[in-house]
Amino acid sequence: MAYFLAFSAALVALVLAIPAVLGLYWTFQLSLTFLYAIVAIGIGICWGQGGFLPLGQGMFLGLGAYMSGLILVNYSGSAIIWLLLPAAAIVPAVLAWGIGLAVFRGRTESGPFFALITLALTLLAFQIANTWNDVTGGFNGLRNIPDLPGMDGYDARYYFAAGALVAALGLAAWLINAPLGVVWRALAQNERRIVFFGYSTTHLKATAFAVAGFLAGFAGLLYAPQQNLVTPTLSGFLISADLVIWTAVGGRRSVIGPPVGAILIGVLTTELRDRVTVWEVIVSLVFILVVLYLPNGLVGMLAPLQRRLAALAARRPKPVEAPPPAHGGLAAPALGVDGCHLSVGDVHILDGLSLALEAPSIYCLIGPNGAGKTSTFNTITGELKSQSGDIRFDGVALGALPPERIAKLGIGRKFQIPSVFTELSVRDNIHVALWGTRARFLDLLKPSLRRWQTPVLAQLRQRYPFLENDAEMAGNLSHGERQILELAMSLVAEPRLLLLDEPCAGMSAEDSQIVIDTIHWARQTLGLTVVVIEHDMALVREIADHIFVMHQGSLLAQGDVASIQADTRVRDVYVGITV
Amino acid sequence: MSPLFQFDDIVGGYGEVEVVRGVSGQIEPGRVVGVTGRNGVGKSTLLKLLFGSLPLIGGAVRFRGRDLKGTSPAQRSRDGISFCPQERIVFDNLGVWENLSLMQSRAAVEDFAVFFEVFPRLRERLRQHAGTLSGGERKMLSFMRTMSEGKTLALLDEPTEGVQQENIDHMTDLVLQARHDQRSFVIVEQNIHFLENVADYLIVMDQGRIVLEGPAVTIKRADIIAHLGV
Amino acid sequence: MKKFTSTLIKPTRRQFLTSTAGALALASAPAIIRPAKAADNFKIGLFAALTGPASLFGPTQKACAELAVDQVNAAGGINDKKVELIVVDGGVSPADAAKTGIRLMLNEQVDFVVGSHDSAVRQALVAAFKGKLPYVYTPIYEGNECAPHTYVIADTPPQQLDLALPWLAQHSGMDTVYMIGNDYVWPQVLNKYAKGMIAKLGGKVVGEEYMPLGAPNKFEEVVTRIKAANPKLVFVTLVGGDNVNFNRTFAAFGADKITRLSSLLEENTLLGIGKENANNLYGAMSYYANIETPRNAAFKQAYAAKFGAKAPNLSLLGEDCYAGVKFTAAVANKAGSANTAAVAKAALNLTFEAPGGQWTMRANRHVDKDMHLADATGGSFKVIKSVANMASGQTCT
Amino acid sequence: MDPLILTQGLNVLFAVTLLVIIVLGLAVVFGWLGVMNLAHGEFIMLGAYAAVFTNQHGLPFILAVPLAMLVCGTVGWLVERILIRPLYARPFDLLLATWGLGILIREVVEAFYGGGFHNVPVPVAGAVDVLGASYPAYRLLIIALAAPLIGLMLWWYLKSSTGARVKAMVGNPELAQAVGIQTDVLARNTFIFGSLLAGLAGVVIAPLMSANPYMGLDFVITAFFAIIVGGLGSVLGLFVGSGIIGGLDSVVSAILNRTTAYLLVLAIAVFFLWLRPRGIFSRV
């Protein structure tokens, strides 16, 4: 954070100096490039943070510009424009948000199809702008747009654009460093995972897209009075593609990357296009090379420096005590799974499964491969919906709820393969889990959340010192450490029911022991109910208060360790005699 | 004269995680080696290491006396090793017939008659997407695919998992027939009955190591169950 | 527009700033390094289509302008200054063109700008120059550009249609006319004007269609419809590839017994259409490469002499850039400077020569010019009628 | 039957046939291999310029076919090696890299041939009378030849289980390796094959519309829409998709006008991308 402020300050100084130093020509050049840079920042937020690619930002840029242009043409000179103009940025934002909600709903993947949708939409936008003569002025565009009051003359235009760019950078820097940004990056890495921490990926992605729409519309708002002309090309596909190219070349992941790309290529192009005949070839080659070898763009080459700065910024500031989870984190309520059926095609995954978890204690779920153990977890957490039967937690029927809602009720899970966010720091990983059950969506905008601390976290840090190296990238952790980190993540969420899928898979005996102790500890201090899928019977004997044995999608037997070991049917299914 | 297939002190796993910690064995033509042990003790990993789907951390695999170091799974398959994995066992996005005839485009349905006799359901579903088959049917399909390749050596991972008893019996017959035709198998299984019926030699694994091995006749079931059961 | 003029920055400060800019420019990034400025040259900025869909015209636009510059310099330059041509890309988006325009105005400090590009870019340049710089717009267009100090030597709808329609009415009939064009301002204006004339000539418009601009268009359906309507005349206001593909399809469907008048039928387009598809295809413009006049012969000879065998195809789109430079020379010499006021005064009723004929700049800042009606049958233009000094029909004041 | 309606009917048939020809190559590269090749149109453009070349050098039109195959094959091979292979796992980057590639190819062609239009005369001139409606011979020829050629491809596709192998490779690479498919080789050949088909389409198209460097852009988007509507990797979907997009486009152009048709196509594409991103007959 600190270095972003310093950075911004330096930026402002530089920006203010330019007109005096470089003269009118550059002042004008940069005014336009700055607006493009603002749009690029938005693309960076969607693509570099949220992990989905908008290929049609021209649509929002154009919308903003036409709205602003029409407002200025019709109401110039009256103060009402100050009321109307904001709409030129807000309407695109709302539109983008709506599109985002519609497209992302019920989809935990944001593959290239979203990109193609935005592409098609911007083609539509261009045709509308080009043919709706009465409103848009058609091909020749909306002409003779008056200046904004106080925005006449190149210098003024420049300062408006520069101010806007700095503001946009500030906004982006703030969002990217706010909890929201952390969650965006987590989402980009493993969309499926964060759902189970209680996040609605639809809203997260729609919000990112809305921000991008806002920035594009905002740039359009200023474009109209700056150029005094708005033409359909502005909402076309080519400009949209160029904006993506600039973002990629500059570096989509960082705050300054996209604007750097936009300004750099923008300036170089106006300078060289008319002198170097093969200019377009050079640009496309550079672009291809960047895509191939510099996924983080030109700015990415400064990564080492940035990391050092980030490390400085990463020393833990004064912690803030986090509120308790939304669900109150009370002692574990009962979970009842009653006669659940789940089949895909004519494969019966769950076949009338019924489980009852009354008293808070440690349950083990065992059974041969394909018995439906993991599917049971997926059904309880709402990832799979059972076709019949009923699942109740704390009296609430989970059947209809989406996974994130179920997670917020206090059901946490840990996956078999550790799925920590490898490109996030240890601390961010923990925080993503911490916020999930505690923060309301808007809270994610408060930087203070990044200083959250809870007693549970403190104790976990004592148990596992490696959780203290906040800045360490989770990707650099060993397999065992990742397992423990993910366990810690599911614990700091302070769930009331914790589902662990083979918590010790692939761990050394020593590490396994540590995990077992932690489970016991959590069980006592948090008073939660734990369900463990486990194959290692030694481990089961050690932790299980109660064992469920599953076979072919239904409950075969249950009881304490001794009774299960005595049960011949259980032995038979393990040895392979079908009963 | 070196054995058909030989693996010495195999070490490997996923990334830095060592799941298999030094396993050795060998197999002669017309022989069946059964590998068993509880879930998660490294049986499947062992097969993947033998077939080259996972990189070896240590040890060596030899086929017909030649070190397989650096040969891709595809190459090993062409050299005469079949692999029947435990997960993602069929091409869900292909039809049953496509699954069978994928690498034998000249094949006719009759060529599979011997299998369809015992697995008639698959014949009925020749044009159906493999993805829509039940777990057991998929198992049979992948088993059938592996057997029909007629390679010298086949590595089978849990072929009977989720398969009805009667079909398991058919599988037993088919394996015995193939063994009689001098084809060799390494079969990872938890179904001891199946292994007892087909295997000449048994290996029991735990914690990525061999804890018990020997000619099938010499190993008592109780000992196995001691390692296997709960 | 009042606000614009008020934004004019005082010359002194402008001088100071730009010179500083120049100094710094030379000092800093390579992108900014430019040939040392020969202060006493008369500089003309030329917007030619170096990139984009119109880039097929770029080479000849550049070549023709260079030829004109050579000739002007040979004749002593402008106001005893050597003329220097700075070619920039007009095939870009309006905003980018405006950027370039400002560069020409502030950094290169050109005295005149000659532009051949679409109308959207023209709007952007007009907005950028704000009348501080004499600006000559050359390519055939829809008319109605009345911005101060903007001189249009382009063919206008009246010039094209006043010539073409009566003749066609007489020779191939005008009872029924079918109109097809791209969906933007130029075709719309042309058709509007044409409709008036067609009515006067006793004709009737039986169909009017517009194709989306910049969309993957195909013409089988339209041609089938037109063929069924069987009009006496098809008035084609499609541009570029659409124009080419429509006419190819039209002929392929054996409809080419019907007379076609195309509003933008120049040599390159005709090449694309192909000689076998050009039967009964007419155009009316102020220049065709094979007009047989001594003036054009001389021009073509000079052009060939300068650029040799590899010379880019001559067409109206190049010739009017030549004319633009010639006009610049004439008006600036007469005015004795490039001062906008002086130029405005000198321009009035100034007559100058273009390869296509004699042109005269009128008070509406458009030109009266010789127009030619040509028959493209057989794949080459045959001029069948020429009219001298046709008025542009523009009402600018 | 009214010749007008009949002709418009033939137009629809032709529109669909042409779109199928255009889409084939992309169906292989995108539908099977999952490579969103935004430069597909440029491969078609290269094919068209092969026809321009043979025409300029007075060679018979048919020679354009081998030439196009040579050019597109070579370019395809290079592109797969340098650009596609490292990016199979990164769809976005693939999308962008191929977009860059498209620009590159356009610029290079323009450098050699200029931006101008090139006329490739129709190899089979004149019109043929079909039930009282005269229709251009070359277009009829395309319709006539496309049917058996595509039939041949289908037959080959079903017989030589190559298509199945590609889908196997994409759907389950590990198992594909296990059954002996050399995935890297197969992927390369598949991409080259798709490029060849694109080149072929270019040759067919050249006499219809004069070639120029920007023609590719007109095809690629429509082709993508057709495939997405039809469903990735499905042969039936390829025809249905082309049928819906091409047919709708043509019918609406015939009854209403082009602009409506174009906007409608865009709307349909958005609709499918949004609600049925895997298309009607998806097998992936």
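Just so it is clear, A, B, C and D label the chains in written order, and each chain counts residues from 1 on its own.
Following the convention adopted for this analysis, a contact is a pair of C-beta atoms (placed from the backbone, for glycine too) under 8 Å apart; a residue touches a chain by one contact, two chains touch by 3 or more.
Quick caveat, the model's predicted, so the values are computed rather than measured.
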Exercise. Which chain's centre, taken as the mean of its Cα atoms, is farthest from the centre of chain C?
Worked result: B
For this session: Mind checking the centre-to-centre distance between chain B and chain D? Centres are C-alpha means, answer in whole Å.
Result: 43
Problem set entry | CA centroid of chain A to CA centroid of chain B, Å | 42
For this session: Averaged over CA atoms, how far is the centre of chain B from the centre of chain C? Could you give it in whole Å?
Result: 77
For this session: Determine the centre-to-centre distance between chain C and chain D, using the mean Cα coordinates as centres, and give it in whole Å.
Result: 37
Seminar exercise, completed: Flagged in chain A as touching 2+ other chains are 127, 131, 280
For this session: Provide the list of chain B residues touching at least two other chains, using ranges where the numbers run on.
Result: none
Exercise. Hey, what residues on chain D touch two or more of the other chains?
Worked result: 221, 259, 262-263
Problem set entry | Touch relationships between chains, expressed as pairs | A-B, A-C, A-D, B-D, C-D
For this session: Using the touch definition up top, name the residues of chain C that touch chain D in the complex.
Result: 53-56, 58-59, 183, 209-212, 215-218, 220-222, 224-225, 227-228, 241, 244-245, 248-249, 252-254, 268-269, 271-274, 276, 312-313
Problem set entry | Residues of chain A touching chain C in the complex | 21-26, 28-29, 32, 126-127, 130-131, 133, 138-141, 143-144, 146-147, 152-154, 223, 227-229, 231-234, 236, 238-239, 267-274, 277, 280
Problem set entry | Partner chain B, residues of chain D touching it in the complex | 159-161, 164-165, 167-168, 170-172, 174-183, 233, 283-284
Problem set entry | Complex interface listing, chain B residues touching chain D | 51, 53, 72-75, 77-78, 83, 85, 88-94, 98, 101-103, 105, 129, 145, 149
Exercise. For chain A, which residues count as touching chain B in their complex?
Worked result: 345-348, 366, 368-370, 478-479, 502, 505-506, 535-537, 540, 552, 564-565, 570-571, 574-578
